[in-house]
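Think of it as A, B, C, D and E in the order they're written, each chain with its own count starting at 1.
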Amino acid sequence: MINGKDSILRRIAALSSVGVLTGSMSIIFGLGGTASAQSTAPTLAYAGGWATNGIVNPQPQANGNIVQTGIAYVPLAIYKYTGNYDYWPVLAKSWRLSDNGNELTVYLNPKAKWSNGTPVTANDVYVTFELQFMVQNAQSWGLTGMKVVNQHTIVFYKNPKYLYSPVFLEQQILNNNNILPAADFSQFIPKNFWSVVHAASGNPKASTTKAALADLEKWSLKMEGYNFRSPQNLIYDGPWSFSRTSSAEQLYIKNPYFVFAKNITANSVLAINQTTNDVAWRGLENGQLAYAAVAYSPPVYSAVMSVHDNHYVAAPQSTGMSIMFNESDYPYNLVQVRQALAYLINRHDARKVGEPIGSVSVKIPDGMTQEANDQWLTPAQRASLNPYNYNPAKATALLKSVGFKKTSKGWIMPNGKPFEITLYAENYSDWDAGLQEIASQLNSFGIKTQEDFMDPTEYYSTTDGVGTGRFPVATRWWGGWNPEPFYTYNQAFITDDQNFTVNNSGQLVRGPKPYVVDAPTSISVPGLGVIHPQELTIQLETNIPLSVEKEDVYKLARTYDYWLPAIDVWNQEAGRTYSTQNWTWPNFQNNPALLNQFTYQTPFVVYQILGLMHPKG
Amino acid sequence: MRTFWHILRKRKMRIVGVVLLLMFVFMAIFGPIIYPHQPAIHPNEIYLPPSWHHLLGTDYAGRNILPQIVLGARNVLFVAALAALFTVGIGTLIGLAAGYLGPIVDSILMRFTDMVLTIPSIVLILILAITIGMSNDVIMAGILSFAGWGGMARAIRSMVLSIRERSFVEVSQGLGMSRTYVIVKEILPNLLPYIVVHLMLALTGAVYGEVGLFFLGVVPFKADNWGVMLNFATGGSGAMYSTRSLMFLISPILAIVLLQTGIVLCTDVVNELVDPRLRNTVGGYQANGRRRQRRTSVGRISVGGRVRSSSN
Amino acid sequence: MKLIRRIAVSLVLIFVVSSITFFLVRLMPGNPYSVMYHKLVMQGMTPLQAEDQVKGIMNAMPNEPVFVQYIQWLTQLVHGNLGTSIEETGVPVTELIFNALPWTLVTVSIGLFVSFLIGIVLGVISASRRDTWVSSVIDNVGSIAHAIPVYVTAVALLYLFNVVWHVFPSSGAYGIMETPGLNWPFLASFAYHIVLPEGTYILAGFGSWELAMKSTTIMVMNDDFMMAARIRGLTRQRIMNYLGWNSILPLFTLFMLSLGTMFGGSVFIESTYAFPGIGNLLATAVTTRDYPVMEGCFMLTTATIIFANVLADFLYAVLDPRITM
Amino acid sequence: MRYFGQDNLYDMSYDQQRRLFWEKVAMVFQAAQNTLNPLLRIRQQILDIAQDHDIDFQQAMNSAKQLCEIMYLDSERVLNAYPHELSGGMKQRVSIALALLLNPSLVVLDEPTTALDVISQASVLRILNDVRKSHNLSLIFITHDISVISEIVDRIIVMYAGRIVETGPVRDVILHPRHPYTQGLLASIPPLRGNLSRTRALRGQPADLLHLPHGCAFHERCPRAFSRCRQEAPRLLTDDHGQTGVACHLYASDSGENVL
Amino acid sequence: MIQVINVSKSFLVKTTSSHAASGRIVQAVRDVSLSWNKGEFFAIVGESGCGKTTLGRLLAGHLLPTGGEIQYNGVSMSTTKRPHHRHLARLVQLIPQDPYAALNPVRKIRGLMRDPITYHRIANNRQADELAENLLQMVGLSAKDVIGKYPHQLSGGQRQRLVIARALTVEPQYLIADEAVSMVDVSLRIGIMDSLKEISRQRQLGLLFITHDFRVARYIAQGGSIAVMYLGQIVEQGPTEEILGAPLHPYTQSLISAVPILEGVEARNQTVVPSRYEISTQNLAQGCSFANRCPFADQLCKNKAPSLLPSTSPHHLVACHHAEPRELVVDVAEPAS
């Protein structure tokens, strides 16, 4: 050591104390929230993504915390997805649709309370849907207004001119929107709110209407994702209330005032931030997680399943990998070319390398999942659809029929140019191997095919890209995300936007967004005659008898199967892994409805609300 | 050639390094001849263990891993070598210009260099990679060269400044030689050892950056790159989580580690090869122009006829 | 006085770097501003709404001339507004960054410090055992460790210590049950969580310090004052002290480069360990093309490094009497 | 090598060696500006030496101040300065003062004035001469320039290629150099005044220590070399007192006897 | 003839701070005038930092003066845009102090010698080698031994000779040797100086020798003249023997008296050691720059700077208010042979 006043060591010590390290530590310490008492076991740990969802539903709070809506908030009722428009009531006790389908009266469960003990009232529901008016969602459902009858009763009014099925409105109001606390959110409703909303629905050419619309737009902008922050210290009506968060985990503790609090057996929920799949894989391999919805590769799947108590269950999911075409781009505007390609793709092999776990290869490429096919079509109808099994001979015939020629260098188009395909996919797509397999299948047939990748920004708007001709052929998630055929065919023949738009006269109309597939309004389907797919699709959502609906679905399936706006390669499954180490799970064989996809709730939340899960030991 | 062997033999690790680097260069040159195409997908041969057919096993799509490594070597080495050349070229040019062309050029160039140096190179590369895009290997190499040219330019500049002050430059100017002559014939040869050694260092830097970009998955997918393999191994295919698939994780890691090790060990060889002063020294001349007395050259000093060993 | 000048120069530097980020993103083909604007219009927004939205996200209007955009953007910047994130809808970029930056600063500083310590110790050992197998082993290990990409190290450590042995956690900066602050449980949890990231920083960082330390040590060892110190009959300890400080000081100039390298490494390390720092934020922003966040990260890391450099220079000036600040 | 009758230097422990150095034998180096630790003030360096040789701080400071006076140094300024704040001449004088700090019996001076200007050199030489007398010091003065030392030293040893070629009282050697090398050296110093024609160059190159010629190392440059010089290295032949000697075959009989 | 007319040169010296580009201005040469003829041997003597090297570089055209002008055979080159003017180059050659540094370490002797010859088209490639060999021969090097070697393979003396030979490749008319022998072994110095003198005499070159050593100065400028510089100015100038025999400036006197003498061979000087203040090149006060060190300075010296004027003889110039011979010399004894 150097002695004396000049000691360099001492200087270093003194200076490092004011260094970067200390400074930043103090910033971290400054971040600390207040600690609250920890509840003890049983804690239910699960891995999931932390994306914020939807508009208005709680966004990141002003203090930066992100609350997962599905755990801390519940809707009025939970959709069963059995296809029969059935619901499990949650905050609502019951509801009644008027005979003309234009009034929905909801009776709240008097036991429903917020996490601070105050009751959930009709006013909370009112404010929740006011916010939907504010961002102009409610208007698109044809909702015209609401009336609070008493503390537990609220009536919703639908525009009688809107012709579509009232079940749609029911779904929006009962299931699709979590009820938010008026105490926290009413501050965002302007005083002149309703007058503006009413004025905005007036004569589109009137200046008052225009002014009101402008106001509405301003509000909606303020409330939309990029600008809106939820208030701090929210109260919750869900089974668990938000407690604390780190970047990797979140803790929710049981809400004792939750309407079905007695059913809730997990005192707390620990949510692991599933930034990437491997976070969930590690948790499952370590036996730390009770639940995860995660994709697998085969070795990981076998590694996870080799852990005792881990189980996997697959629910059908109405989406999958499809190859979509720009139907105005030569040669894909030729139905024969699309059909030939369908004959040339070995869907089974492609699925096996593309998405080996959690998918099923498509048996009949008619736009619907196998389950939907079984439900909506008779065996005879199903047999009449073309399964496009691998068949190079048929493909050859089809291609030759439109003037293509096979040479030593491969297939040549009538214009003399070689037939070459570039399959665009997301950069670093999980499906890469599957696409390569498809490419090699086509290559071996003589169609020069290569895989290429899009920029991530482009991937989010692939459908736009296909629509505008940026990508003649692209691969993407495709499907309605809903077992009801309407959503599938809406996407295929009308718009890829799942929330179709309704104009003032109640007609489904083309939105401002270009169509993915520029499907013609009438298609001549062999053996079926001329079909008007858009009319048929719209008809599916109007009040028609089930038998007519089924006939319409068949016609649409035949049309899709013939016209092939996209070639469905494989359908995905909603794979869920759960551990029975600490919890008993419902018996999915006895109650397949439980397997279906729930919109905003993580499945175990629903099982808990229904009282189907119990801690072991 | 004899000196080369001599240098090699001095340390065993150097032989290892040269063999490793030669192996990868061989792969890069002849790989596409041995394996003309990317290995095919075999849906029924997923994650096979190493065997005679598949020396490194197969990946998540049943592809043979070895050809992927071999074919990856060309892409990795080509882009990295190009990037290293760019790095060294830009660095040398800017360093020479700043050091030789006077204080105004110097201060402009060095402010710019300082700024680039302050920005973390990987961050800069990331931003450039996605704004400019990496449509081909040359552009990619150009972007990657941002990783190192700043440091290179600074070093070259300070060397030029010090060489410029050495009197042989003044003498040469005094003899009426042109600027070009002085730069090319007097200054550049003195920088050459540094430039060549830095070329090797820039190579490791470029491999790091290039493979890293593919590992992060931010630049367009390229089937034959180790970074992509590593990305899929750690991410989508989760090769880390099962011993069955471990070869897919280990192969690219091993390839990267061995290549970098090879380059590093060869840097040592190159260093000695290009700098004769490290090899054999007559007189006490050292690179920095200072003369030092060699304390070890005379082991014995005879005093008054009696011999004593001297030591400190 | 020179410190003030230096800070002023740094501020100018930061201004220039931030301006470059502005123009870099704006003047590139496929200008994300107009892309986003057109996308919003296509999604059904009126041009006015879309403009407003883009302005909120990116801090400037896409339709204005670039110069006007630049002024708008600068005005917002002066008010500490960097726009809002596209991915984490509505969250101001500054908030994201200020939540992330401290974690990175702490881990990077610890990593820098520890790797520096290990590096100088090994460097001195290697220099004092010059031309023996010890120094050859140390040098080879050092230069190879320096050359092995940090992500490879990160993946290897993650595999060994988390997947195989379950010893250390794989993600996050601390356990959920801890309250960040000056309390032992939190510090312990934090320490536990940063073992792997720090290990990676250190493995990647010590090599260059070792090599630099070795060469400066050898240089100082040959300096006349070292021989003089021996002849003057100073104790071994004091001679080592002279040697140490004189060899370490020149390394301060390397801080600039190493800080940049460390921050660059944090992109890989933090995304591998899902560590909530600025590197992870940047990696995510880059993969999702979240331009405002990218810009912010870029600017803030650069600014941090510039000021760390000023600090290092200042320290250097205090430590080395030959340098005046 | 034994100093003052102590043990052989090379048998000593490090601690014994370091006690011997500076307390008994001190040294002044050629490049004095480089022999001071650049990071420490002169005061600190003095204290370091004092502490390692168990001298009281205050006592060391006092003698340091005294030495500064002798060296014509402003002690207030110099002691508080860092080495780089001093000029070359000042640093040289500081390093001489450091050498005298512990009152050594012997000071070895290795070209202490080579880096200095003529006038600084003169003043340093004068100081050394004064100090030698006042402190009763032994000096060993190593230099390439005979003229520098001729006024200070008593005895001179001339070395060539690692060997002593001539030794004797300084006046004797300068007035009557015996070895051809000494003669050549003296002849190559141009006189300040008087006849320049006697100034002659020594021919050839200095011997390369790695490739010493066979026989007398000087024979290739020697104007008086004869066959024996090429075959046999001469021994240093001294007179009876061992004070005067020369290593040259010119002064040896065939049998190697002393002919002086 | 080279004429130096009121030439000054100042430098911006950077401070040691690692970043800031601040510095202070140092006047290395101040208002120097002299003339130098072809075939004339000239020595400049002064302590380090007195500006003698800068003056040499100015004369050789390596630097441009900040004030005044230098005329080469009546033509002023001070107006040329950049230093190292090509015509100048062939006229005046500078031999720097350090032969190690003066030769590019990575190039072989052959190239070093040949390039200037071919560059200036003095001879074609084939003749160039011959010419180079002749020049090497002339400076006492065996061309065969050195031509294929690198500079670091030569000894110090050989290197210095090589530098001289290289300077001669462009056929200069003037040679400036800046401390050209101080880095060389003592036993070799006379040999090199002899070569320089011999070549200069043969080729009728002007030889300017810059040194701090009066012995060397006298040896070179025997029959020529000596100028003594102090802080950028010439304080005394005149024929060699006059300067040495009867210096008039106190500074010259103290310099000469500080030269160590060979005890017993040469007479001891009566020493005139200036007071102990350090030399400083900054903050020059008005008045004589030597005043604060001068034992004879009075109020006049502190107020008024003396100018360089002829004194005892028209060629002996001195800048001092109190220029007078002071007794320095006693007698000379011859060394024994």
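Points worth noting:
Please note the rule applied: a contact is a pair of C-beta atoms (placed from the backbone, for glycine too) under 8 Å apart; a residue touches a chain by one contact, two chains touch by 3 or more.
Since we're looking at a predicted model, the values are computed, not measured.
When the interfaces B-E and B-C are ranked by how many C-beta pairs touch across them, B-C comes first.
Relative to the C-alpha centre of chain D, the farthest chain centre belongs to A. Comparing chain C-alpha centroids with the centroid of the full set of protein C-alpha atoms picks out C as the closest.
Per-chain Cα centroids separate chain A from chain D by 92 Å.
Separation between the centroids of chain B and chain D, computed from CA atoms only, is 50 Å.
Computed from the mean C-alpha positions, the centre of chain D lies at a distance of 29 Å from the centre of chain E. Chain E has its Cα centroid 54 Å from the Cα centroid of chain C.
Counting partners per residue, chain D has 39, 41, 48, 84 as the residues that reach two or more other chains. Counting only residues that touch two or more partner chains, chain B has 130, 133, 217, 234, 240-241. Touching of two or more other chains is recorded for residues 2, 8, 276, 278, 282, 285, 455 of chain A.
By the touch rule above, chain E contacts chain B in their complex via residues 21, 57, 60-62, 83-90, 93-94, 96-98, 100-107, 111, 115-116, 119-120, 150-153, 155, 163, 166-167, 169-170. Of all the residues in chain A, the ones that touch chain C in their complex are 1-2, 8, 11-12, 15, 19-21, 23-25, 27-29, 31-35, 38, 52, 59-60, 64, 66, 217, 220-221, 224-229, 244-251, 270, 273, 275-276, 278-279, 282, 285-286, 455-457, 461, 464, 511-514.
Taken together, the chain C residues at the contact with chain A in this complex read 32, 35, 39, 41-44, 46, 48-49, 52-53, 56-57, 84, 86, 88-91, 95, 98-99, 101-103, 105-106, 109-110, 113, 162-163, 166, 170-182, 186, 237-238, 241, 245, 274-276, 287-289, 308, 311, 315, 318-319. For chain D in complex with chain E, the touching residues are 72, 84, 87, 89-90, 117-119, 121-123, 125-126, 144-151, 170-171, 174-177, 183-196, 198-203, 205-206, 208, 221. Contact residues on chain C toward chain B in their complex (touch as defined above): 13, 16-17, 21, 24-25, 28-29, 136, 140, 143-144, 146-152, 155-156, 158-159, 163, 222, 230, 256-257, 259-261, 263-265, 267-268, 271-272, 282-283, 286-287, 289, 294, 297-298, 301-302, 305-306, 309.
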